[in-house]
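Two complexes follow with chain A in common, the first pairing it with chain B and the second with chain C.
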Partner chain A sequence: MSKIIAIHSFRGGTGKSNTTANLAVLIARAGNRVGIVDTDIHSPGIHVIFGRRPESFTHTLNDYLHGNCSIKQAAYDVTESSIGTVGPDDERPRIFLIPSSIQVGEIARILREGYDVALLNDGFQDLLRDLNLDYLLIDTHPGVNEETLLSIAISNAFVLIMRPDSQDFQGTAVTVELARRLDVERIMVIVNKIPNSMDRELLREQVESGYRATVAGMLPLCNEMAELASSGLFVNGHRDHPLTLELARIADQIMH
Partner chain B sequence: MSQEKSTDELDLLVGRMRSAAAPLRGTLSRLYEQFRGNRDGTVADYIPELAKANPDWFGISIVTAQGQVFEIGDSAVNFSIQSVSKPFVFGLALEDHGLEGVLKRVGVEPTGEAFNAIVLDEKSNRPFNPMVNAGAIATADLVKGADYPERVGRMMDMFSRYVGHDVFVDNKTFMSERLTGHRNRAIGHLMRNFGMVGERFEESLELYFQQCSVLVNCRDLAMIGATLANGGVNPATGVRAIDSQYVKYLLSVMLSCGMYDYAGEWAFRVGIPAKSGVGGGIVAVVPGKLGIGIFSPPLDAKGNSVRGVQVCSELSRMFGLHAFESGDNGLLEEQLLPQRQRQPV
Partner chain C sequence: MHATLNHTDEGWEILVLSRNGVFMKGKRIEQQLLQDGHVFRLSDRGPWIRYRTETPAEDPGGGATISFDSSKTPIFALDLQQLDREVKQIADGQYFQELQKRMTQLRSRPASGS
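Right, the complex of A and B next:
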């Protein structure tokens, strides 16, 4: 059975796109076909982490939503650059990226015209079927918006990323409430960018009791990630780093 | 069965997301594609406003008793409600006079005659039922109000409660109806002769022409259906449109008399209380579950929307919606839940 994982944070800057990208690589490496959709139409970015330049995209999610192409035409095989060489006929592992357009004109157009959010769901189902995916990771736009709500409604697991920051705490509570209203199957909270000085166990307790949800991982604030500055995939260059190991534990929970 | 819900913004948003994610969306899409190529039937042309309808217009909408909205095709195109209005004015008359008060003036027997026949039940002198023109004029006559504006206002308010927003009368259609309404005036005079309508019957005829000219789209019809399915309470606004005790009478008379001369076979094969109109609209009600609204102007020989009948028949068959279906195959419930289970790879 394929699984849809929606990854979200209430506010920007929580490390959502980096976490999504790295989790995708870890899940794929475990022998899976993984798709990543950047539904953050207003502020796309995950393609940068995969080292893809916007000019290299002939079609994007925007084209699909405007009815100009099938969603498969907006999917790019990024397996080589993110996992390394695999045999050309190897079905697994595979990673596909479906980017959103970062061209100002495109963003303006979709802001002005809007789009039918139900088309997004049609697109997700098409991707699962046409690309034969085991996992579809949906990188969502922060905050409450239609793309996110739809993604939550159809997801098998909803991953919420937050920093140990009061604004994130309050906002994440809102999102958890929404997710419960949408009868989400499984909520997993990841606390990211935790300063070394913080008491992790106390933090975990606060989050678990505050949201009555599982804390799937506690990721440390680390300089190496900040220095990487979204120019690549952390888990590839830092295989034994505690951050990578914690991400692997999270990937494991997603897969089981 | 009926739930009075508060209009929570969050509920509305969540409901929209659920609809966007539900498999029923895909099913309606397939039904739409299946029947849109059917060009059988003719567009009504007894007044110019109806004659200029595009025969390719085709919209399907479903609203559940919980307020989930699904729509496809020309679901936002407005058209005159025509006969689809009749059960609801009957409902208003029931609220104004009670069951026995209304039954003194109109029967509830299906008739084999044409809907516009100038004929009354010989024994009782009553029009046969509220779904034929004679009966509809008699129920319009029963609408209370100090004067014409108040009666029109009460009627429009009633429609608004079912639909969940303000509705309006198309002036051109109204004018055409009243200028060509000779048969209807004849029926009115005949009933006045037998005391089935009162002194104000000419005003009631005007009211009747207005009711036929109310503009709706098929999403509105589905909402009207959902209101009846929800025991008389609009599932989107939480406003009660009709006293719950009268819902069953509306549904019964729709089932036995709603589809013109096809009513008997309809009740047998499809088994869903429904009302059709020459404007191309059909409303159908699955009690406790949902309302269906369809718009497609081409009509068959009996005056029912060709594609409308096909869609309702197919939905009834697929989901076991017949009123007397044994057991529940659960397929409908599955279609309403967000699509999460995938096909195995």
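Right, the complex of A and C next:
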């Protein structure tokens, strides 16, 4: 059965897009067909991590929402660049990216005109069916709005990413409670960018007791990720790094 | 009175008196010999307290006997009243209410087709 995984954070800068991209690769490598939709229309960027230039996109999610194309036409097979060479007829693993437009005019237009949020849900269902996806990862816009609430509501698993930061802590609690009221099947919290000096178990305990939700992973703050600067996929170049190993544990929880 | 701290031959010990309990590492305790760095919580939603025996680098000042904490792990305080207010504000909104009602419809709605 296909699963929709909404990946969200209350504030920007939590490492949501990098975490989404790297989890997608790990899930795909486990033998799955994975789609990633960048619904952060206000500030898209996950395509950068996959090494795709915006001019290579004939269609984007924006075009679909404006009724100019099917959502399948806005999906790009990024398997080779993110996993490596896979036989052209191999059904698995596969990764598809559905990017949002970075053109300022397009962003301004969608902010000005809005879009039918229900169309977004239709698009997700079309992707699952037309691309025969095992997992659809939704990289959401930070904060709570209609689009993020929809993504939360329709997800099979809702992944919240936060930093060990007081500003994140309160806002993330709000989002967890909203997800609970929307009867989301699974709520998983990831604490990201944890300095080495912090007591991880104490952090975990605070998050789990404060939110009454599962902490799926505790990701360290690491120089190598900062130095990569979203120019590529961390898990490919750092296969034995503690960050990669923890991401793999999170991916495993998502798949089981 | 929630708990008492008693000095024994083995060191300081916390003895829980309140029905709301004291929690360490997610588990309820009744009595615990404290060690440097131990963190416990008064009730499952109450304040966090860290027990330290290390001599502070700086004198915390007369009267500031419980304000010193050199740990680099912050203790996050959740404002439950603010949480309830913010959740209510969103959850009582029209979109959220409709989304809750329409969830079954949205999940079973046929896709628009490519």
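Just so we're on the same page, the second predicted complex is superposed on the first by the 256 of 256 C-alpha atoms of A that agree within 3 Å, B and C clash if a C-alpha of one lies under 4 Å from a C-alpha of the other, contacts with A are read in each partner's own complex, and residues count from 1 in each chain.
FYI, a contact is a pair of C-beta atoms (placed from the backbone, for glycine too) under 8 Å apart; a residue touches a chain by one contact, two chains touch by 3 or more.
All values derive from a computational prediction rather than experimental measurement.
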For this session: With everything superposed onto chain A, say whether chain B and chain C fit together or clash.
Result: clash
Exercise. Of the partners chain B and chain C, which touch A:Q170 in the superposed model: first, second, both, neither?
Worked result: second
Exercise. Does chain B (first) or chain C (second) touch A:D130, or do both, or does neither?
Worked result: second
Problem set entry | Touched chain A residues, chain B compared with chain C | C
For this session: Examine A:A153 and indicate which partner it touches, taking first as chain B and second as chain C; both and neither are also allowed.
Result: both
Exercise. What is the contact status of A:N121 with respect to chain B (first) and chain C (second): first, second, both, or neither?
Worked result: both
Exercise. Counting only touches as set out at the top, which of chain B and chain C does A:E205 meet: first, second, both, neither?
Worked result: second
For this session: Tell me which partner A:E185 touches in the superposition: chain B (first), chain C (second), both or neither.
Result: first
For this session: Classify the contacts of A:P195 with the two partner chains as first (chain B alone), second (chain C alone), both, or neither.
Result: second
Exercise. So which chain C segment collides with chain B once the two are superposed: 24-32, 42-50, 60-68 or 96-104?
Worked result: 96-104
Problem set entry | Overlap of the chain B and chain C footprints on chain A, listed as residue numbers | 118, 121-122, 125, 129, 146, 149-150, 153-154, 178, 181-183
Seminar exercise, completed: Per the touch rule above, chain A residues touching chain B in the complex are 1-4, 116-118, 120-122, 125, 128-129, 132, 134, 146, 149-150, 152-156, 178, 181-183, 185
Problem set entry | In the complex with chain A, residue positions of chain C that touch it | 23, 25-26, 39, 41, 44-45, 48, 71-79, 82-83, 86-87, 90-91, 95-96, 99-100, 103, 106-107, 109, 111-114
Exercise. Which residues, counting only chain B, touch chain A once they are in their complex?
Worked result: 10, 13-14, 16-21, 25-26, 338-345
Exercise. Which residues of chain A touch chain C in the complex?
Worked result: 70-73, 118-119, 121-123, 125-126, 129-130, 144, 146, 149-150, 153-154, 164, 166, 169-170, 173-174, 177-178, 181-183, 195, 197-199, 201-203, 205-206, 208-210
